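Each of the next two complexes has chain A plus one other chain: chain B in the first, chain C in the second.
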Partner chain A sequence: MQPNRMLPNRSRTSVLVFLLPPLLLYGAAVLFPILQSLFLSFFSWNGISDMEFVGLDNYVRMFVADDIFWRAFLNALLYLAICLVLQLGGALLVASLLTSLRRGRELIKTLYLLPAIISTVAIAFLFVRIYSIDPVGLLNQLLHWIGLGSLERPWLSDVNTVLAAVSAPEGWRFTGLYMLIIYAALIAVPKELEEAAVLDGASRWTLFTKIRFPYIRPVWITTTIMATTYGLRGFDIPYLMTNGGPGQSSELLTTYMYKTAFTSTDFGYASTISVFIVVECLVAVGLILFLLKRKAES
Partner chain B sequence: MTIQAPPASPPAVVPPRPAVSRRRRKPNLFRTLSRVLIMLIVIVQVYPLAWLFLTSLRTEHDFATGDPFALPSSLTWENYARAFETGDLGRNILNSFIVTMGANILIVLFGMMAAYAIQVLGFRLSKLVRGLFLIGIIVPVQIALVPLFIDYSAVNLLDTYQSMIIPLAGFSLPMSVYLFSSFFEYIPRETYEAASLDGAGPYRIFGLITLPLSLNTVVTVVLVNSIFIWNDFIFANTFVLSEDLKTIPLGLQNYIGAMGKVDWTATFAAVCVTITPLLLVFLVLNKAMIQGLESGATKG
Partner chain C sequence: MKNLLRAAAAAAVTVLALTACGGGSSTDPSNVSPAGEVKPREISWLLSRPADGAVINIMTKLADDYAKDHPGFKLNLITTPDRPSYIQKLETLAAANKLPELFDTDATPFAQQLAKQGKMVDADKLLKTLDLYDDYRPGALDYQRFDDGSLFMIPFQFELEFIWYNKALLEKAGVAVPKSLDDIPAMCTSLRNAGITPIAIDGQDQWPLERYVAYQPFREAGPDFVQKLKKGEAKFADAAGQKTVNWMAELGKAKCFQEGFSAQGYSDAQNQFTSGQAAMYNIGTWELPSLATDKLNPAVRDDIDFFTLPTTAGSATSANEFVSPSGIGMAVNSKTYDPLVSDFLKFALQKYPAEYAATGALSPTTTVETTVPANATPLYRKALDQAKDLGSKQAMPWDTQLDPTTNGRLQQELVLLVQGNITPGQFTETMDNTVKQNAPKFFK
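Moving on, here comes the complex of A and B:
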């Protein structure tokens, strides 16, 4: 019946003693708030007056009448795409290159990971200066030097570049984390497999696509899920650097939800957006599992 | 399992080269190219941080007028003096330390307890509980902000250390539970059976066998979570108002003055000061930390 049970004489009480405190904390901090958000999403409430039940009004407003919501949703998807390319693409590239190095691997791993330990507030300060045009920041100066001076611009106040500009720091920050994970998987690929393929005349590219990548696929799925869920919860850097602006050019669902809740004190509608974000995350994870697993079977 | 030559499917992105020279010379060229590429990428990762530090030593005039890539014309520690005048950095660091410690104690203790109940004691709904913990890994932390804000104000927890510690610990708990349960799988069943025969109950076994054996996992869990908790911005920003409780990320925001005017060199000095504690831990323990981050993903 209970294959997991290792202690023959454990009592029911002892299970509760060990399980209840963690479940209470987790319930109070995570599970209950999710249910509460669901509940609040059917109400109109500013935190002070009486709560008013409005049925599905908030959802109708969100899907039908709120242009900012859709704008924020599209922005969030683009933000996610940029983060994924930088984080996973960069991670896979560096991890693969690293396996061909003979020395200095540990040092490079450490250096590459360094941005991950810096707080988002510090990163926001740093990148405001990098993108700055007066006094000229690192990016504009670099463009000037390599002869692309025409591209110089105030990256954070140009509506065409601001979203990419707030996404890049997030990608930059965590690519080292994913690189570590992918690198650990890559060096676990059995050497015999690779050597046999090389003897058979496989090029580096075929070696990668036919041997290495299939071998690390489970880890790749995990990292993709991690990077996606982290990308969808992106908040700090856009909030701190532009607060969603100029206009709504860099508004994400999370920043929009935050402002709806704590600037407009519209708790009901903010909860509706929260519910949407939860559903979005669950759908994203489901999609990744579905797509990547199916590909593995074919 | 025999290894076959890759099927002749078309994705030959690598341009065809004479097969003979490939094995002799190309690896060297490839290796040189990868080195250059890696160097470039590492520079992109590290240079901004080095620049941050250099800027914190520049004079204000030098910063406002000079070429950003140039080395400082003269070094000054004045920015650091101003940084300590403007903000209460010591207080901020202490607060971050309290929150990180508090959350870590909960994460380690509760994570270990839940994993012990699930993996060692076992019970009928253990699969369900595992599944519940998965939710906390998938959903973004922001969904808890509004409900917690409302709940905290109902029970007077707004503007306290607990208001930050509870959600930080709650959202980190799942990963901790998974890490501990995957470690507990490796403790041989016989160890428990022997202890049981000696008359030890579940509490003594937890204290005398499971806990001491899992010290390595404790280090992993603490290191991985500390990075995120030390740097938490969103919970602190939402639940904390008073200066006395501000953690580092909030303290740094104080450097944005009225009208959004920022004393950049002093701000960068403050950033350097606040980065230092975690940076030191990271550099000293980087093997353990790197291992922790690797296992955190693959087992979690």
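Moving on, here comes the complex of A and C:
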């Protein structure tokens, strides 16, 4: 009971009093809507009709009878994978390179962070132009110049490339943010540890895997959880760029849920999908913690 | 924790119960002349029209005029031109039972449910009581009607949709204006061979491609086809359905639309046509200011013309019958309908047509003559004149007819069909199943 002894009784009460308002706010803004979704997911309701209790029908429909749901789920996983590789992989790479840079770090950090502060709508429009083929956009023009003209295509209309094409802007956008967090962790690695390892003849790779990475692991877990939950909730860029199309090629669970609620006015079923998204996020976080902790223990 | 959960669930039930209760209280929708004194107050119109467009400008002016004699009156216009966002707003407000005095909606199945619940004033009776009913073009009113013929929305526009084309480009490719819808795929092939994009289309907004799927059935089976299709009484597997499915696939195979069309927007498509890259462009008279005035690129200005929807052999509808929408309509909330709203509508609807026609647009009424703008090309008058000789049937845009889920799926599958990602057989099966699953919920 060490911490308790550090706080006299009166200040413990005041801490609780100060913690209560944010807790209530959290309950009202986060927990209540989630519970309401859970409640609504057992009903058939279009917003203006009478609510009809349907039991588990919505869940049965979601798991058994809805081909778009599974398509959107797989798309969302692929979208997540691309975002994670770009965001975490890219961030780690850039942050590592930054630490070995002597000058211009601030400039590069700022440049990498820039996309994170541009509005989503602007980014979506920017990338629609970049991927365009008629008129020729930046990407197709570049391919043409370097002699890969055969790869030129309407990236957002081709069912095979559209998902990667809508994932990339989201990944690119937040690379700088995660880079900043990981960079801060990397420069906190004690220099004497690294120097001792170098004196013992450790290669750069060994230095990274044996010293640096274990040291930043807690930060790495946090960034992974952040990036994963953001990735699973990704909505705006795919919605703005393709609206899930062509067909269902870039439909994510989130865009599908939105359409089910506000286009199909099927609020009950949309709530069912939203419950699935909440569970999916919780499972993902649990999995990450489990895997990374087990690795740390071994 | 358990108690907390229980409390939250109880709270959720209460909120929902409260909103559900609120839904029941509405006044008689057929009572169009409420008794009592006109008490000026602020009223709101939730609408989905261009922010500085003619409708909003005129109604603002008329509201100001009305306020001069009725101090305290104010018309609050809340516009959301982006249609999907607008629909979301409308549905959310409808669910919360917080619709304003006036609100825009198409004759969608959702709107029909609102009408059935008595939440909208009967526009048929309203217009008749105001002695304005006979002023309206029958087609303009018909466009607003639900399947059962009832009328709950008032039109503010009247538009005709044409296929605009570039004479010089057709000549270059050695093709003529199509006599039949069935000529279009071959025409596209010739245009492509001459290095010309046959048709510019706004794929991003999805409704433009959905227009095309409506054309063949309208010619083959008349306006009834979509009425039956949406209820599952007709199928894409039927003759008229198969004709349109195969035709759409052929349009795709002949590369009728620009490459990557599904990600291109409204202005992209228009630019392709007005810059002389694309030979054809299917759009309505709302674009007359940019297609038939000196604002049009001088390089193509003398080459632009239009033709109306071609017929087919043995067509059930005639050449003067095509898509002629009267735009999104305005519904009157029955819950907030009182002597003031009634009096203002009487004032505004009487004065609106003359003001609207003066802007160069076609009025939904026949009482006024449209003023052709000073900078118009001869095509402007030609386009307006088409309204004088219209048949009694009109092709309804399918996006206002089908239930929303089927509509969304159709828009998605159409892109795949035209891009050649799915076969006509797959398309037919998917769509017929979708209608079967979703139609019963909306058309009981």
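By our rule, the second predicted complex is superposed on the first by the 273 of 298 C-alpha atoms of A that agree within 3 Å, B and C clash if a C-alpha of one lies under 4 Å from a C-alpha of the other, contacts with A are read in each partner's own complex, and residues count from 1 in each chain.
Here is the rule we use: a contact is a pair of C-beta atoms (placed from the backbone, for glycine too) under 8 Å apart; a residue touches a chain by one contact, two chains touch by 3 or more.
Since we're looking at a predicted model, the values are computed, not measured.
A.B. asks: By the touch definition at the top of the document, which applies to A:S150: first (chain B), second (chain C), both, or neither?
C.D. replies: neither
A.B. asks: Should A:I130 be classified as contacting the first partner (chain B), the second (chain C), both, or neither?
C.D. replies: first
A.B. asks: Have a look at where A:V159 lands relative to chain B and chain C in the superposition and call it first, second, both or neither.
C.D. replies: A:V159 sits against chain C, while chain B stays out of touch.
A.B. asks: Counting only touches as set out at the top, which of chain B and chain C does A:F262 meet: first, second, both, neither?
C.D. replies: A:F262 contacts both chain B and chain C.
A.B. asks: Per the overlay, which chain contacts more chain A residues, chain B or chain C?
C.D. replies: Residues of chain A touched, chain B against chain C: more for B.
A.B. asks: Quick one: classify A:N243 as touching chain B (first), chain C (second), both or neither.
C.D. replies: A:N243 contacts chain C only, not chain B.
A.B. asks: With the two structures laid over each other on chain A, which partner does A:V285 touch: chain B (first), chain C (second), both, or neither?
C.D. replies: Touch partner of A:V285: chain B, not chain C.
A.B. asks: Of the two partner chains, chain B (first) and chain C (second), which one does A:F32 touch, if any: first, second, both, or neither?
C.D. replies: both
A.B. asks: Using the superposition on chain A described above, determine whether A:S49 touches chain B (first), chain C (second), both, or neither.
C.D. replies: second
A.B. asks: Pick out the shared contact residues on chain A: the ones touching chain B in one complex and chain C in the other.
C.D. replies: 31-32, 36, 40, 47, 262, 267
A.B. asks: Please output the residues of chain A touching chain B within their complex, sorted ascending.
C.D. replies: 1-11, 14-15, 17-19, 21-23, 25-26, 28-34, 36-37, 40, 47, 90, 93-94, 97-98, 100-101, 106, 108-122, 125-127, 129-130, 135-138, 141-142, 172, 175-177, 180-181, 184-185, 193, 196-198, 200-206, 209-210, 219, 222-223, 226, 229, 232-233, 235-236, 240, 254, 257-258, 261-262, 267, 270-271, 274-275, 277-278, 281-282, 285
A.B. asks: Can you check the complex and tell me which residues of chain A touch chain C?
C.D. replies: It comes out as residues 27, 31-32, 35-36, 39-40, 46-51, 128, 131-134, 154, 156-157, 159, 241-248, 259-260, 262-267.
A.B. asks: Across the complex, what residues on chain B touch chain A?
C.D. replies: Those in contact with chain A are residues 3-6, 11-14, 19, 22-23, 30-31, 34-35, 37-38, 41-42, 44-46, 48-49, 51-52, 55, 63-69, 106, 110-111, 113-114, 116-124, 126, 129, 132-133, 135-151, 166-167, 169-171, 173-174, 177, 189, 192-193, 196, 201-203, 205-206, 227, 230-231, 233-234, 238, 248-250, 252-253, 255, 262, 264, 267-268, 271, 274-275, 278-279, 282-283, 286-287, 290, 293-294, 297-298.
A.B. asks: List the residues on chain C that touch chain A in their complex, please.
C.D. replies: The contact residues of chain C facing chain A are 4-5, 8-9, 11-13, 15-16, 20, 23, 84, 87-88, 91-92, 94-95, 110, 113-114, 117, 119, 197, 203-204, 206, 258-264, 272, 404-405, 407-408, 412-413, 415-416, 419, 421-422, 438, 441.
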